[in-house]
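A, B, C and D are the chain letters, set down in written order, and residue numbers restart from 1 in every chain.
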Amino acid sequence: MSASFTKSTARNIFYGGAVFFFLLFLALTFDTTQALPKRDNRVNLTEQVARGKNIWETRNCIGCHTLLGEGAYFAPELGNVYQRRGPEFIKAWIKGQPTGAPGRRQMPQFHLTDGELDDLVAFLKYSSEINTNNWPPNIEG
Amino acid sequence: MNQSVTLSASTNPREVPGDLAMWFFILAELLVFGVFFLAYGYARAHDPATFAAGQRQLALGVPTVNTLLLIAGSASVAAAVRAFALDRQRTARRLLWLTVALGMGFVVLKCGEFAGKLAAGITLSSDTFWMFYLSLTFFHFLHVILGMVIVGAVAVYARDGRYRPGQLAGVETAAAYWHMVDLVWVVLFALVYVAR
Amino acid sequence: MTMNALRDFPTVWRVWLWLTALTLLAAFLADAHLTPGHLALAALSVAWLKGLAIVEHYMALRHAPAWLRLTVHGWLALVSAVLIFSFL
Amino acid sequence: MSTSTTAVLDTPRGVEEHAATRLKYRSQAVAKPYFIAAIGLFFGQIVFGLIMGLQYVIGDFLFPEIPFNVARMVHTNLLIVWLLFGFMGAGYYLIPEESERELHSPKLAIITFWVFLVAGALTIVGYLSVPYATLAKLTHNEILPTMGREFLEQPTITKVGIVLVALSFLYNLSMTVLSGRKTSVSLVMMLGLWGLAIFFLFSFYNPTNLVLDKYFWWYVVHLWVEGVWELIMGAMLAFVLIKVTGVDREVVEKWLYVIIAMTLISGIIGTGHHYYWIGTPGYWQWWGSIFSAIEPIPFFMMTLFAFNMVNRRRREHPNKAAVLWALGTGVMAFLGAGVWGFLHTLAPVNYLTHGTQLTAAHGHMAFYGAYAMVVITMISYTMPKLRGREANSRGAQKLEMVSFWLMTLAMVAITLFLTAAGYVQVSLQRMGTTPMPFMAAQDQAATYYWLREASGVVFFIGLALYIISFFVKGKTDEAAH
C-alpha cells in the first residue's frame, strides 16, 4: 500500500515550489533590468526630470490621477498628457486650478513656480516617451 | 475531498502512485505548461512566418539526444521503483543515480544550446518565437534541475533502506515528478523543435 | 504495487525502446520534407503516443484512480489536439 | 501577566479573572488592544470611503478642506494600517496558543502597540492638517525621498517606524515560536509576517527612473497581497477552522500547505500581470497572463477547504458568527481576488481595462473578501475569549451576523456598480473611433457612482451594527455547547 497524502510532502512541495518560483521570478527580473535601457527612455533622464518627479511625488498627484495606468482613477491618465495637451496647456491648467465650477471635480492649487512647472512638464514628457507596448489604446488615456 | 480520496485508495486496489500532495503540484505544473503550450499555438497561428524563421535556426541533433536522455532517465527511475519493490536496494539506488546522471547530461547539453543562442544575441525580447523558445525551454530546464534534486534526495535517503516493498511512497513521489518533466518535454520537443 | 511491480519490470525496458524509437522517428520526420502542416500533425501525434506510454507505464496511472488517470490523459489529449488543430 | 498588560486591558476585575480561564495563555490578552484599534481604524477608513464616493459625483464636496487625493490616501493607508493591526493582533493571539507558551514579552507588545498607534495617528493627522508638500518638507523627505507613491504615501520617517514596529513584533513572536512547539500554522504565519516585513523594504527604493520605480513598487504591493499576505491569511483561517470545527490538525495543516503552495506557484510570477504597460518588456504579457490565469485556483481551493472543514466538524462551536465569517472569507476571497481578478488579468483584456474603475471594483472586493474578512474572522473568534467567554450571547451573535450580511452584500453591490462604471468607461473612453475624454466618460457613469455611494452607506450601517454588536449584553446560549 503506497497511496498517501502526508503533511511532510505537502510542506516540502510548498517550500520547494516557493523557492523555485521565486528564483525564476528573480531570473526574469534580471532579464528585465537588462532589457530596460532600450525601453525606459533613460537617455532623457535629466536633472530636470528628476526634480519634476519629486514635484509629482510631493504633490501626491497619484492620489487622483493615473500614470501609465497606475494610481487613482478619479482624474485623467497623465502618461500621455504631454501629447494630448502639450506643455503650455499643462502649465496653464495647473496654474488655473481650482476651476471652482460648482459640482465638478476640483484640483488643488499647488502654487508652483514657473521653474517647477517646467520641471514637472519635463517629467511628464519623459514619462510619455517610455515604451509602454502602445498603451494607452488612444490619446484620451 | 482528501478523506474520500485516501479512503477510496485504501479500500480500492487503484491507488495514487506516490504522495497526493505531489500530484497536486504535478497537476499545477501541467496546467501551467499546458496554458503555455496553447499560448504558443495561438501566437504561432497568428504569426507563422516569425515562428518558421526562428525554427529554421534550431538544430535538431542536440534536442533529440536530450529527449533520449530524459526518456532514459524516466526508464531508469521507473526501474528503480520496481527494484525497490523487489527490495534490490543496491540496484535501485544505482538506477536513481543513473537518472540524476542522465539529467546532468541534459543540463550540460542544454547549457551549450543556451550559450549558442546567447552568443547569437538572442534574448526574450528578440521576437515572439524566441520569447516562447527561451521561456519554455528555460522554464523546463529549471524543472529538470528540480527533478534531479528530488531524485537525488531520494537516492540519498534510500541509503538507510527506507524504501522497501510496501514502503514505496517516497520514491514513487520522486519518480512521478520526473515523469512529469519528461512528459512535458516530449510535447515541448515536438512543438518547438519539430512541428512547423 | 508490489505485485504489479514484479510483473512490470521488463515492461520498463520495452516502453523505453518504444519511446526511443518514436523519438528517432520524430527526428527523422523533421528532415523528411513533409509539407509543414503534415509535419506538425506527425510530430504532435508522435508526441501524443509517447505521452500515452509515459502516463500509462512510467507514471503508473494504469493503476491509479480514474479521476487522476483521466485528468492527465485529458491534459495530454487536449494539448496535443488543440496544438495539432492550430497548425491545420 | 505583566502590570502594563493588565493596565491596558481595561476590563472589570471580575471579567478579567474570567478571561484568564478562557485564554490558554494570559499573554494572549495583548491582542485585544490591537483588535480594538483595527476596528476603530476600519471605521475611519469607511468614513473616508464615503467622502470619496460622494466626491465622485459631487466633485467639490469638502473641497478644498479634504481634496480627493488626501481622502484617498487616508482611505487606503487606514486600510493597510488596520489590516496590519489585525495581523499583529492575530499573531499575538495565535502564536502563544500554537507554541504552547506565554509570549516572549507582553510588555514589548504593548509598547509596540502604542508606538504604532501614535505613529499611525500622527501620520493621518499630518495628511489631513497640512498640504502634502508641507508634510514632505516637515519630515525631510529630501533626505530619502520615498513619499508620493500609491499606498506608500507615508513620510519616510513613518516607514522607518513601520519597520521598527515590525521588527519588534517579529522578534517577540519569533522568540516565542523558537522556544515553544512549532506547528505548521505558526510556521506559515511567521513566514508570511517575515515576508511582509522584508518586502516592505522595497518601499525605500525610489529611483528617478519611473520604470524601475514602478517595477519594484510591485515587489511591495503585489508580493504582499498576492504573496505573503496570503500565507498570513491561510494561517489565520486554518487556526480558526481548527478551533471551531475540531477537525484533526494534521488534515487542516496539510491542506494549508497545498493551498499556499498553489498560491505562490501562481502568484509570484503572476506579478507579471502588472508589467504589461509600464515600460517593461513585452514578454511579461505572456508570462503574466499565463500565471495569473491560474491564480484563482488557490482561492477556489481555499473556499472548498473552508466549507469542507466546517462540514466535517466534530463539534458545534457556540460561536456561530465566527464560523460564518470564516466561510464568508473563503467565498468572498475567491470572488474578489479570484474571479474579479481573472476578469481583467489577461493582457489583451487588460489593455482596455488597465487603470479603470474595473481595477477599483476588483480591489474593493479582493481586499474586503480576503483580508478584511479574515481579520474580522479572527476578531470574531478571539474577542469573546479575550472578554472572558467562549462565545457572545445569542443576541450579539445575531446582530453580528446581520452586520456580516449587510457589509458583504453591500460590498458585492459596490463591486457590481464599479464594474458597470468600468464597463461604461472602457467602452466610451477606450474603444471606438471617437473615444470620449476622461471626464465626459465619467459623467456617463454618474448613475453607477450614485448607486455605489448608496451601497457604501449600507456598508457603513453594517459596520456600525458590527461595532454595536460588541456592546450587546445577554447570556451565552449554553445549549449550544
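Some observations on this one:
In the analysis below, a contact is a pair of C-beta atoms (placed from the backbone, for glycine too) under 8 Å apart; a residue touches a chain by one contact, two chains touch by 3 or more.
A quick note: this is a predicted structure, and the numbers were derived from the prediction, not measured.
Contact count check for A-D and B-D (C-beta pairs in contact): higher for A-D. If you average the CA atoms of chain A and of chain C, the two centres end up 47 Å from each other. Each chain gets a centre from the mean of its Cα atoms; for chain A and chain D, those two points are 24 Å apart.
Put simply, the C-alpha centre of chain B and that of chain D have 39 angstrom between them. Contact of a single residue of chain C with at least two other chains is seen at positions 1.
Annotation for chain D: residues touching 2 or more other chains are 254-255, 257-258, 261, 265, 281-282, 287.
Of all residues in chain B, those touching 2 or more other chains are 2, 5, 9, 15-17, 21, 24-25, 31, 124-125, 166, 168, 172, listed in ascending order. Chain pairs that touch one another, listed by label: A-B, A-D, B-C, B-D.
Looking at the complex, you find that chain A touches chain B at residues 1-6, 9-10, 13, 16-17, 20, 23-24, 27, 31, 34-35, 38.
Of all residues in chain D, those touching chain A in their complex are 52, 55-56, 58-60, 63-64, 67-70, 72-73, 131-133, 136, 141, 145, 147-150, 153, 184, 206, 208-212, 214-215, 250, 253-255, 257-258, 260-261, 264-265, 268-269, 271-272, 275-282, 284-285, 287, 351-352, 354-357, 359-360, 429-431, 435-439, 441. Within the complex formed with chain A, the chain B residues making contact are 2, 5-6, 9-10, 15-22, 24-25, 123-125, 138-139, 142, 146, 150, 166-169, 172-173. The part of chain B that touches chain C in the complex is made up of residues 5, 8-9, 12-17, 23, 27, 30-31, 34, 37-38, 40-42, 44-45, 52, 60, 64, 67-68, 71-72, 74-75, 78-79, 81-82, 85-86, 165-166, 168, 172, 175-176, 179-180, 182-183, 186-187, 189-191, 193-196.
Of all residues in chain C, those touching chain B in their complex are 1-2, 5-6, 8-9, 12-13, 15-16, 19-20, 23-24, 26-27, 29-31, 36, 39-40, 43-44, 46-47, 50-51, 54-55, 57-61, 63-66, 68, 71-72, 75-76, 78-80, 82-83, 86-87.
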